[in-house]
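Some structures to go through are shown next.
First chain A sits with chain B, and in the next complex the same chain sits with chain C.
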Partner chain A sequence: MASQTEPARAKGRRKERNWLWPAFAAPGLLWLILLFVVPFYAILAVAMGRIDPLFGLAQPVWNPLQWDPTTFFNVIRDLFGGRLTALALRTITYVAVATALCIVIGYPVAYFIGRRAGRWKVLLLVLLILPFWINYIMRMLAWVNLLSTDGLANELMVAIGLFDAPQNWLSGRSSTVVLGLVYGYIPYFILPLYAALDRLDEELLEASRDLGANPFWTFVRVTLPLSRQGILAGTVLIMLPMFGDYYTPNLLSGSPRTRMIGNEIDQFISSGIGGTEGAALTVVLMAFVGILMSYYLIQVARETKRAAK
Partner chain B sequence: MTAQAETRPASVAPPADETRSRVDRLRNWLANPWRKPRWLAVFTFAYLVWALVPVLIAIQFSFNAGRSRSAWQGFSLRWYINDPSLSVLNDPSLRAALTQSLKIAVLTMVIATPLGVGLALGLARWRGRGARPANTLMLFPLITPEIVMGVALFLVFTNLFSFVDLGTPAQLLGHVTFTISYVVVVLRGRLFAVTAQYEEAAMDLGASRWQAMRLVLLPLLMPAIYAALALVFAISIDDFVISAFLSAGQDSVTLPVRLYSSTRLGPTPALNALATILLLITLLAIVAAGIALGRSRRRRGEHGSGVEDLAQFDM
Partner chain C sequence: MRHPKERLILPRELNRRDFLRLSTGLAGGALLSACGGSGTSQSSGGSSQSGPSSTAGGPIPSAAEDGLAIGSPGNPVQQPLFDDLPAIESGLDPEAGPLRIYNWADYINVDTLKAFRKEFGVDYEVTTFYNLDEALRKLSTGELEADVFFPTSPVLPKYVAGKLLQPLNHDYLPNLEKNVWPELADPYYDSGSRYSVPYAVYQTGLAWRTDQVDLKPEVMDNPWDVFWDPQYKGKVGLYDDNRETISVALFHDGVMDPNTTDQAALQKAGSSLAELVDLVNIRYSIDGAYVKLPEGQVGLHHAWSGDMVNAQYYMPEGGDPSVLRYLWPPKGAQSTSGGLIANDCMAVMANAQKPVLAHMFLNFMLDNAHALNNFGWTGYQPPLTELNPESLVTNEYVPTYLESAIVRQGDFQLGQVPLQLTPEVARMWQQVWASAQTGG
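And then the complex of A and B:
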């Protein structure tokens, strides 16, 4: 070592590092390629594959040159003006209404905890994060308990005179499913928004006040535009999983009247037959979610560029 | 205030003095929203009650002495241990779900954490051509909807890697796949602070590369690694969709899958007990992760607790 000059040593070290760090990353990368990238290809291979004429089972076709898009196009046709149109519209309506409710309910909460909570902030933050770590199914189970015909929520509504008799909330009611979606996903909306509002520079708000804006206009002109990024992040974050949700309508309704796209996919997979159609639906869902995702990423990139200017 | 008190509708019977002053005080407290956002405080309080009380009620009824999940019949541990055939302890299928969940979570933790640590280290220090695509690839499992990943894994295990049986093996591989990225995210936060200079300094002082890693880098990363272990455990035990898609009947039912399949079948409070146990295990793991993250933060010289760090995980 002593005989080596400094640059030579550094060079040797650099050469060594050329393979060392990729070698560290290799096992994890290999895992993700085999069990994340390849499975995605498998969805395509099944969606564009054949159906075994004898057993009616889906047969994947791995060579893209032999892909047969008939089933895929059929599914697209079903979605736009066919058997699945009502399902697609219902899914979009549920997600849109639930997301809007999440924004209306979530914004004041995020705003209060992020900007106005004072000494209560840490406690409130813990309570805000708690639902993240309560299992989603358990949170739905809690509402199934409350909303069943002999449940406490039903008793309460009868007691305060809202209804004469207990209602059956748990079969085929869109309102229950939408409220379930709101209840399930709203924590994921509030948190990124909270982070955005928490980061907000107090001096900007003071400047606005000093320049004569009252609190209302300060909020509309300063706080709201500056938290747009947080709203967008939260919205995308809840919309992505909501589009693939099947367990919320199943648990809170279980009726064909409240089926979503996710239920259709789940049924194909769990029944084992018609895998081609299920895979094709998943491809459509992926494309849809991918558009949402890229819109979000473009917005973030634009915002970052603007901030850098 | 007096003006408001006078305009109170006459039809409302005037309450007793004490009640009125209390009502006035409440009204006072809610008035003037711009100075201190009282109604925001009330709204936030109402939100938190709405978000948490249903779950608290579900927990309460896991301790019900009777069979009902809505009429309180006294406290007992019947649904946890005492009932000879229906309690979590004595119903073999409930016990099996608990065991299956713990088994998968522990194995996932042991496999995903080293893979993720290696990947995080590699991605943080590797400056080659493959680094950027690798970084992008790593992010995708975090944003892919679970149902898509579930379908993808199901199809690959049934069509291509058919030597992997559905059930425990497939569930384990699936859980590792979607938790690796979380390990990378946790470690990356730490690796921003622990730059390559630490090892270079050690090597300039005569340590070999492996000594520098073992004696300098590893100890500096340890809190983050502990946090990643606990987090992976919590995410794995909490997962529903991947476990459900990759399960193979009775033998591979995990806790959340069992909750899902029994919720609508007129279950006993034992199901609430099972959910409560799941919640307790998850929270223990998360508190452990939070403590480790807090320690990692303090070493970085930052203020605050691990609470806010934790907030960015889990979907």
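And then the complex of A and C:
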């Protein structure tokens, strides 16, 4: 008898768990539906929608059966072998270079704060978060002043003899835009990486050294692989917003030479008449970013599974 | 067309007082592609027209065929009246406040509003919009209700056809006849001022710094060609606005109509703009004239007259504002096509809850003293006879070296007015603009 009731009770408990734990996800799910799924559907409805003949405003069409995908296909055609190809490639290049620079610059910083800063750790973390107290646009505007021909950056570089004459940094240079992106997003890269490095198990490093690896190989064989998740998380966190960025090239350049996809969307959306194109381009960009995101999620899932073993 | 006020807004009062230097102007703004128009216009017959009809396929219809009454200085039109939308009766007492004002951000002097509150003993509420598309969306869907609204003259026909505005009763508006330039007291876009009174006038011309570029556009055959002159490479900027900037390219190409529906002309204009990338390393922004020029980031810029009135206050500390110059190339001089000129209006919403008070507000804003007080803060000039260039310069509202930035009576005959474009044509302009910026 007892042997029969015992599994039954366990089964009941498991059933209870089955609805209880997912229930905790409900608020998050609701949040996601309200703030992501619904707005995304609205964008899709505009992308597939029409233009009001009197007022000339883009109008969403909510019924998918009445959707008109012409604009959407035009945008895709422009992106692959059309007008927008160069723009898309430029955007990808900027984001890739900026992300690579963030990794090269951000990793040592995160490593130092996480593993070597000692009692300075809190102070350094505060300093890292400090820029967030000021709006991104304000910080970019500060750079505009710093980088202008009579700005501090130029004065300093001419004074120490780096350049003979002031450089016109803001005249549509790719390098300025990429460095602007790096500056703007690097804290978002460092923070998750710091978290990963900070909770790294000291004993694993000691084991590595005990087994004869020098600091370099310990780093390459142990620290780096263990911080992979942190690098990936930081990369995703900065890449996604970078793809949609338009104010950095706007403020630091303003030249068609440094235009990014975000600028194109901004221009379409803000021009009433181009709302449909803008929405279509947004959908395409989101799909692309979605691919990157799923790669990240798959990696995390794989890692979690490995850790569970 | 983007509106001159369409830019990131600063606490300008502070700037004026402290000469505080702040750079702004995200092009996060919008292109009012909705404005502008076809060259066709309705005759000024007195008959009222029917409401809007939807656009059919086939050849590109002019905006007028769309049921919009679109006038030009040579061909003024009356806006249609509707039986179910009468003007208010004469002799009514103003309602109790608050008066709800829907306006561009930072486009009215708070002191002027306070004076209105004092005089009429009513409160006011100002809601602001960033661009006309936003305003149109909110007003046409009923998302927002207001008593007084500030449309530009090109978009007015659309608002009338959409029955968003109510006709005005001129018994409440004695200042319209008394103070306003005759050409705008009975304007081409709204003959008899049925729905609107003018608020501010502005032109688009060229601005430059004498210390950076040696320029005498007034002796050039076509002053608009300066943007294609390689000797100014790296120093040149244009507005990030499709109507304004494509018009510059059209004028450069010798096309005289800034409301063209000619696809070939537009495409040529697009390639002319694309040339600028390599030729002069062109930069687009919306704050170029009033921020980048005084700061010296550019030496030559496409400029709204109102921006130039304000530009002196954005001069960095120690800078000399008297290096700034402005020229509005008038039509017909040499071989030029002239520059754009337009104005903003004030109107009463069809569903206004305080229509009488709204009329009184319009009249109040057309009073010479109040209008001058307002101009002193906004920098955008009210078209009132008494506020002529001489008085504005003498009273130091505008410096002598920028006297050319003052719009004069009669300028509407010398310039080109942007008219409403149909959605089809606006889309063509938009595509040319997008191509010009991606080099495709």
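One rule holds for everything that comes next: the second predicted complex is superposed on the first by the 265 of 309 C-alpha atoms of A that agree within 3 Å, B and C clash if a C-alpha of one lies under 4 Å from a C-alpha of the other, contacts with A are read in each partner's own complex, and residues count from 1 in each chain.
Everything below uses one rule, namely that a contact is a pair of C-beta atoms (placed from the backbone, for glycine too) under 8 Å apart; a residue touches a chain by one contact, two chains touch by 3 or more.
Computed from a predicted structure; not experimentally measured.
Applying the stated clash criterion after superposition on chain A shows that chain B and chain C collide.
When the two structures are aligned on the shared chain, A:55 is found in touch with chain C, with no touch to chain B.
Applying the stated contact rule after C-alpha superposition, one finds that A:295 touches neither chain B nor chain C.
In the superposition on chain A, contact is made by A:136 with chain B only, not with chain C. Within the superposed three-chain model, A:251 lies in touch with chain B and with chain C [touch as defined at top]. Within the superposed three-chain model, A:145 lies in touch with chain B and with chain C [touch as defined at top].
In the superposition on chain A, A:163 makes contact with neither chain B nor chain C. The larger set of touched chain A residues comes from B, when the choice is between chain B and chain C. Once the two complexes are laid over each other on the shared chain, residue contacts for A:259 go to chain C alone; chain B is not touched.
By the document's definition of touching, of the two partners only chain C reaches A:84; chain B does not.
Of the two partner chains, chain B is the only one that A:35 touches; chain C does not reach it.
Put simply, of the chain B stretches 24-32, 258-266 or 276-284, the part that bumps into chain C is 258-266. 137, 141, 144-145, 148, 150, 170, 246-247, 250-251, 254, 266, 269-270 are the residues of chain A that lie in the contact sets of both chain B and chain C, per the superposition on chain A. Residues of chain C touching chain A in their complex: 21-24, 26-34, 52, 54-55, 66-67, 131, 133, 136-137, 140, 158, 161-162, 234, 237, 240, 242, 274, 277, 281-285, 288, 295-297, 316, 422-423, 426-427, 430, 433-440.
If you check the complex, the residues on chain A that touch chain B are 13, 16-18, 20-29, 31-33, 35-40, 42-43, 45-46, 60, 105, 108-109, 111-113, 116-117, 122, 124-146, 148, 150-152, 155, 170, 183, 186-188, 191, 194-195, 214-216, 237, 240-241, 243-247, 250-251, 254, 262, 265-266, 269-270, 275, 278-279, 282, 285-286, 289, 293.
Residues of chain A that touch chain C in their complex: 51-57, 78, 82-84, 86-87, 137, 141, 144-145, 148-150, 168, 170-172, 246-247, 250-251, 253-257, 259, 263-264, 266-274, 277. The residues of chain B lying in touch with chain A in their complex are 34, 36-37, 40-41, 43-44, 47-48, 50-52, 54-55, 57-58, 61, 68-71, 115-116, 118-119, 121-123, 125-128, 130, 134, 137-138, 140-141, 143, 145-156, 159-160, 173-174, 176-177, 180, 184, 203, 209, 234, 238, 240-241, 245, 255-256, 259-260, 263-264, 271-272, 275, 278-279, 282-283, 286, 305, 307-308, 310-312, 314-315.
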